[in-house]
Amino acid sequence: MTATTVAIRHRLAERGVDRQMLLLVPATVFVVALFVYPFAYGIAVSLQPAEGGLLAAYQAFFADAYQRDTIGTTLAIALPAALLNVVASVPIAYRMRGRFRGKRLLTTILVVPITLGTVLTAEGLLNFLGPAGWFNRFLVTTGLTDAPVRLTNNYWGVFFSLVITGFPFAFLLVLSYLSGIDPSLERAAATLGAGWRQRFFRITLPLLAPGLATTFCLTFVLAFSVFPSAILVGDPSGSTRVISIAAYEAAYVRYDYAGASAAAIIMGAVELVVIAIVLGLRGLLYTGSTAGGKG
Amino acid sequence: MTRFERLRLDGVTRQFAGVDALSELSLEIQRGEFIALLGPSGCGKSTALNCLAGLLPLTAGSIWRDDVRLDTLPPERRGFGMVFQNYALFPHMSVQKNVSFGLQMHGVTRAETRRRTTDAIRLVHLEEHATKLPGQLSGGQQQRVAIARAVVIEPSLVLMDEPLSNLDAKLRLEMRTEIRRLHQSLGLTTVYVTHDQEEALSLSDRLVVLRDGRVQQIGTPEEVHTRPANRHVADFMGYRNLLPGRASSGASLLLEPSGVRVKGTPVGSVNDGDPVVAAIRPEDIRLDGDREATVDVVEYQGREFTVEARTDDGLMLHLRTGTRLSVGDKVRVGFPPDRLLLFPAEAS
Amino acid sequence: MTRFERLRLDGVTRQFAGVDALSELSLEIQRGEFIALLGPSGCGKSTALNCLAGLLPLTAGSIWRDDVRLDTLPPERRGFGMVFQNYALFPHMSVQKNVSFGLQMHGVTRAETRRRTTDAIRLVHLEEHATKLPGQLSGGQQQRVAIARAVVIEPSLVLMDEPLSNLDAKLRLEMRTEIRRLHQSLGLTTVYVTHDQEEALSLSDRLVVLRDGRVQQIGTPEEVHTRPANRHVADFMGYRNLLPGRASSGASLLLEPSGVRVKGTPVGSVNDGDPVVAAIRPEDIRLDGDREATVDVVEYQGREFTVEARTDDGLMLHLRTGTRLSVGDKVRVGFPPDRLLLFPAEAS
Amino acid sequence: ACSPPESGGGTTGADGPVPDKPTKAVTLNVLDVAGNLQLTQGMIDDFVAKNADIVEKVTYTKATAPELVGKIKAQQDANRVDIDLVLTGVDGLAAGIDQGLWLPLLPTHASRLTGMAAYLPGAAAMQELAGDNGVTVTYYPSGPLIEYLPGKVPNPPKNAQELLDFAKANPGAVQYARPSNSGPGRTFLMGLPYLLGDSDPKDPEGGWDKTWAFLKELDAQITLYPSSTSETMKNLANGSAKIILSTTGWDINPRVLGTVPKEAKIGTLEGFHWVTDAHYAVVPKGVSTDKQAAVLSLLTWMLTPEQQAKAYDKGYFFPGPAIKGVPLTMAPQDSQQAIAEFGRPEYTDLIANNPLEVPLDAKSLVAAFDRWDREIGGSKVKK
Amino acid sequence: MRRSIVASPAAWLVWGTVIVFFVFLTGIIGSVVVNSFGLRWFDSWLPEAYTTDWYGQAWDEFTLLPVLTVTLIVCLLVAGISVLVGVPAAYVLARRRFPGSRFLYLLFLLPILMPPITYGIPLATVLYKYGLAGHLSGVVLANLVPSIPFVILTMTPFIEQIDPAVERAARMCGARTRHVFYRILAPLLVPGILASVILVVVRTVGMFELTFLTAGPDSQTLVVALFYSMSAAGIRAQQSVDAMAVIYCVMMLTLLVVALRFVNPTQLVARVKEDPE
């Protein structure tokens, strides 16, 4: 080992490059072999439409308002749903920090909906919130409304299904991220006169924020790629014609693989923009140990 | 800030998993007093502070501020400041923000917050590090942030849990002076945990000595230092020589195993024939006495030496001397009767 | 355990964000030596230990064990043990498991692991707490777990970062003795960071004094204590009285602002007319001298008093005395020339 | 630069003459994307039981039609086709033809598939859609029919105009599922041009003016287009829809299953033409000749009257058989029983006396779906 | 600290929301479960009569026993492998900034973002080519493509929360990287690993496209059967679809309850610092 290699190794170590980077190898190899290669092919396909030039599939997508509008439609469903899921998880998880009887049961029940699957959720929404479902029966029988309320086969049906499947997902992550924050920090804040509001907003929330950003990204991706429920409980040719339906129809109805790949890649790109913004903001936050000193 | 005249702890008890960590602590603190809590590691000092601050619910007892019952109030409503033994700095805030946090919580104006924050940071000599995060500070620097954060809000009661333990001697001395100065100039009341007896003695108006969660003695520094209430306090207060024996005719005792008779000052009720423990500090053993001893171990301590010596009749003694001794040297030791305290040797 | 004869640090430097936290530390440590690192808070002591342990990559310099270059080895391959300033206990493991972890990592047999773990826990008096998690321990108890965890593996080099800072005086003394005993009986080499000068002086074979990341002095305890290399070391080592003046005719100086002449011992090159600083410890100032001073502040420190007094010509002095003094009393102070050290007053 | 990873190429053992019998008994992997096994699994299982020397074992996989193409493409691109027989509807068939996935069974093996000669006229017409690529195995005339509960709709509409009037009188009461997700939905869509007398019932872009106008007018009265036929059936049953669109199979089978009350009735609109439907058996390219031989034997077996009789099922694809000379009496007992109870005598006449039309070709159908989505289903957004 | 769950308006709001959520959840699950046992259910609060036939039919039609077994095996393999491969990668990405780390992060993000349409078929082709598809290994490998990145993404914040000093201490005790992972990080990350395993399993069980594309006749999973019953051509009783959905849900629920039984996700060791009440 010569002096220069040693010196280089130190320089590299200081910049974070050392033997531990080998830990990245399996994941990277995997993703490159089984994702990057097929995905490059998918991009290539999107650039080879049956007719037209390289970008014809993309041009076609953007030229047709019915296709183009799916971006806005999807964002209009996914952003509020993801936000609601994350925002609702936080106070509930926050309330559940301490130990109390029945906590495990409550946690389990709150997390249960992730086990439902899209089909049960869709069936359940149609059965329960449908025109002759229990919910509307209740409203009509008690005279709260005259006629059944339309809650399915429209925007709200899809929104509810995204909340039901997305909330537990977000809740589970938030609850776990929250449990990693040293409770003595809040105590310290309390002795400095901070009430729960200030403790929450000034101490817990900032430490939780990186986790929230990640949670938001994941629930957003989940919501953005909503497919079965957009069809089953939504209005798939109208108000819930999300971008994955456009991609699906191109691929599986018209067998226009170039169009489908283009739509799907546009879909990924839009997600990427949103996520890049969120993760960019996350990069500005404090990320690191949540311990506050010795011990 | 909620000013008060008197703070009263009444039988404050705290258990962990059924074991008393703090047992029936009763204490009245006058406004402006500087109280030091002293005691062996694990004796319940931090527990006491946490109970007082409202961070731990009491298992029994009550806390009163004048006539207001305090132990049911949440910590943020008590208006106390606290330096945590483990600092508990906010990891996502710079030094500056950590320090100004409390001021903002108390609705202090911006300009004043800035001024007081700067002052507090200057006080603990962290001007150069004001924008660093706690994770970028040395241990001692972190501890100083914790001090600045607690005192900057000028709370009616400051609780400090070993606030100087990670500072060097010079800085500790300086900080100690500052703390005392703040205490006086702002008219604070302070409860101070320390393991440093010198610190406790020099800073405090009254000392509370704990052991195993129970109060052993409450008194002025001088009382505790010169008249420890029992052998445990004596032991803890630096009476390193604890010699077992049996009381005989008043103020003297027969040392065991030798049976030699020495004179001492009884503390508490000591009857003839009772087993007793005689306690004396290393620095109180005279080296011009009449009993010969052989030097076993010598330790240098900066111009003074700590010496272990064994008398011919088998007593192992800790001494302190300014003269350089070597292992094997003979010294002649003696016990001044007013410095040799006789305690009943309880079972425990 | 990898035994070695000599450990050599060669220009070891570590920067944080371009600022030197440790600057060109060169040091040779012999096997079996007990080295203490001393210096003000933030001077780079922990940084030095972390570099030595391999927990921080070096910005420059190298570390050698005999002829093996060490600084490129990961920490777990160096075979050192460490007590962290912030303990860094494994929060999910009981005391027992924390302590036995290292033994398991070194492939020690089960029976032996059990035995050594029990011994180590007994050593730090935590028998009763062996099954608790770190979060259920007091600060001092946690610190003792950290000590036990580091020494139980009997590493060839132990690095201790203020291992006793949260212990009470009695326990600290006891632990200090145990550490010294272990060091000797196991033939360990120890690098010890402390802010307690007495500890440093009594434990170590050699002291390294740091300031702002730079070595100020390396020497035996006595050398550092009685002949500090510069005014900073003196200041740090308890020479609380630092009197500015100007050198005149050899070993005497004219005090400022009074112009009074006193005799002292120059350290380093001091030329006539140079600005100098005269340093003397409080306990070295005689109270039977010829200069009158008025007592300003008196602090009780357990049978001794720390006194601040002001001479008629405006000098502010820290003294120590066994006699009880009161504010306003007059004392007559004098400086033994061999105890009054004269240092060049560098700009910095 | 961008060809699929190692695309195409001949498959070993897939070319060359197909023997009469496989050299040794094979395992057949059957993929059903049309729900056809409901009708034919009995036939296949019987075949295997009786011809252990040809087929040793069958595995069944079920999937939806659209995904079929991707899966077979992936296998063919990798030269490892492990699906030997696909049972599909018109959509899957067409998609496969378009992508060149299927092995041309005809005319090469026409001589072996003797049953094909006996196709019903409607089935024969459907077989033409398959060209040389597949073999019709089941057939039904489908719809469009309207379905209602007589208790709720005492006077059902008799023609398209009356249907519209009914819808206007009862907003939200007429329901059909989104055509691209529903058989009855698309049958209605394809049947309307005949009902309304549009200029070219086979050209949704140019020849359906009346149809699109009608659908628009109807749309004004429709509150929702469910995403599946089942949903419309459920709504009929629970009363939130009064008239839904249906087909023969969707009329009988759900009543057998209890999804729809037994007393539900069907009606036809004046001047309607049946828009027929069928299921096909196709073989992906790349299947070995041994397996091809086994498949051919199997198909021959399936096109015998005894086996075809099983296609009556419980009215799932009523009537079901693709060949002539298969009376209900040949069907299994439970099948006969179900149809006796839930079938409708009027079907015999209706089938005999109304014209049969083949459905739109795949391209036109997709175009129709697209236009429906944009102008009918999607118009809800703007309202 | 404060045990007072009582009565702040915020608390009422939170618990109120939770209760509404529960009511909806009960209604949604309840109506499906009731329907799956209903013989006929037209315009009424409850079905006319009850039967368990739908379950029997679903069970037989889809030969659910082997399907459930395959599903379980696929889940466990995918979850296990993605944790083993994903956590170390998340560790490096959480702990260091090195040149290219952002790019790598993006690379790991893509498989989660990109719909399987864009890579499913070529991926299946690759797997078929190497003989990996058409049986269990193909399903597992294909499902790992989005799962590994998913684990990486969810685990990164958990790892960031852990004080690196603890790892350093382990190294000073002689622990190799492997030990640091098994003995220190893994136990501390248990809540995070558990959460991400649960989510990976849920996503894997629900991942229709990749599974369908790469499965052989003997390696179909439950979701393929479920999607078929839900949306394939042909007629089927709603009740039998609901029965399938309930079977799916019961299986997932069992996995969830088992997971939560073994480890409470909120019981991080840092919690020990909390009040012991």
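For reference, chains read A, B, C, D and E in written order, and residue numbers begin at 1 within each chain.
What we mean here is this: a residue touches a chain if its C-beta (ideal position, glycine included) is under 8 Å from a C-beta of that chain, and two chains touch if they have at least 3 such contacts.
Everything numeric in this text was worked out from a predicted model, so none of it was measured.
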List every chain that touches both subunit A and subunit C. B, E
Ranking chain pairs by contacts, what comes out on top? A-E
For subunit A paired with subunit D, centre-to-centre distance based on mean C-alpha positions, whole Å: 38
Provide the C-alpha centroid distance between subunit A and subunit E, rounded to the nearest whole angstrom. 14
Roughly how far is subunit C from subunit D, centre to centre by C-alpha average, rounded to an integer in Å? 89
So how far apart, in whole Å, are subunit B and subunit E when each is placed at the average of its C-alpha atoms? 54
Expected list for subunit C, residues touching two or more other chains, is 74, 85-86, 89, 134-136, 139
Subunit E: which residues touch two or more other chains? 1, 3, 43, 120-122, 125-127, 163, 165, 227, 231, 238, 241, 270, 273, 275, 277
Going through subunit A residue by residue, note those that touch at least 2 other chains and give them in order. 37-38, 41, 132, 182, 184, 187, 190, 232, 248, 251, 288-291, 293-295
Sites on subunit B touched by subunit C in the complex: 16, 38-42, 45-47, 85-86, 129, 136-141, 144, 161-162, 165-173, 195-198, 201-202, 221-222, 225-226, 235-238, 240, 283, 299-303, 306
Subunit B-facing residues of subunit A, complex: 182, 184-185, 187-195, 198-199, 202-203, 206-207, 285-286, 288-295
In their shared complex, subunit E is touched by residues of subunit C numbered 53-55, 74-76, 79-82, 84, 86, 88-92, 101-102, 105-106, 133-136, 149-150, 153
Residues of subunit D defined as touching subunit E within the complex: 4-6, 29, 33-36, 38, 59-65, 67, 70-71, 73-75, 77-80, 82, 89, 181, 183, 228-230, 233-234, 237-239, 249-250, 253-254, 257-259, 261, 316
What residues on subunit E touch subunit A, complex-wise? 1, 3, 5, 10-11, 13-15, 17-18, 21-22, 24-25, 27-32, 35, 43, 45, 85-86, 88-89, 91-93, 95-99, 101, 104-105, 107-115, 117-123, 125-127, 141-142, 144-145, 148-150, 152-154, 156-158, 160-165, 177, 191-192, 194-195, 198-199, 202, 205-206, 223, 226-227, 230-231, 238, 241-242, 244-246, 248-249, 252-253, 255-257, 260, 264-268, 270-271, 273-275, 277
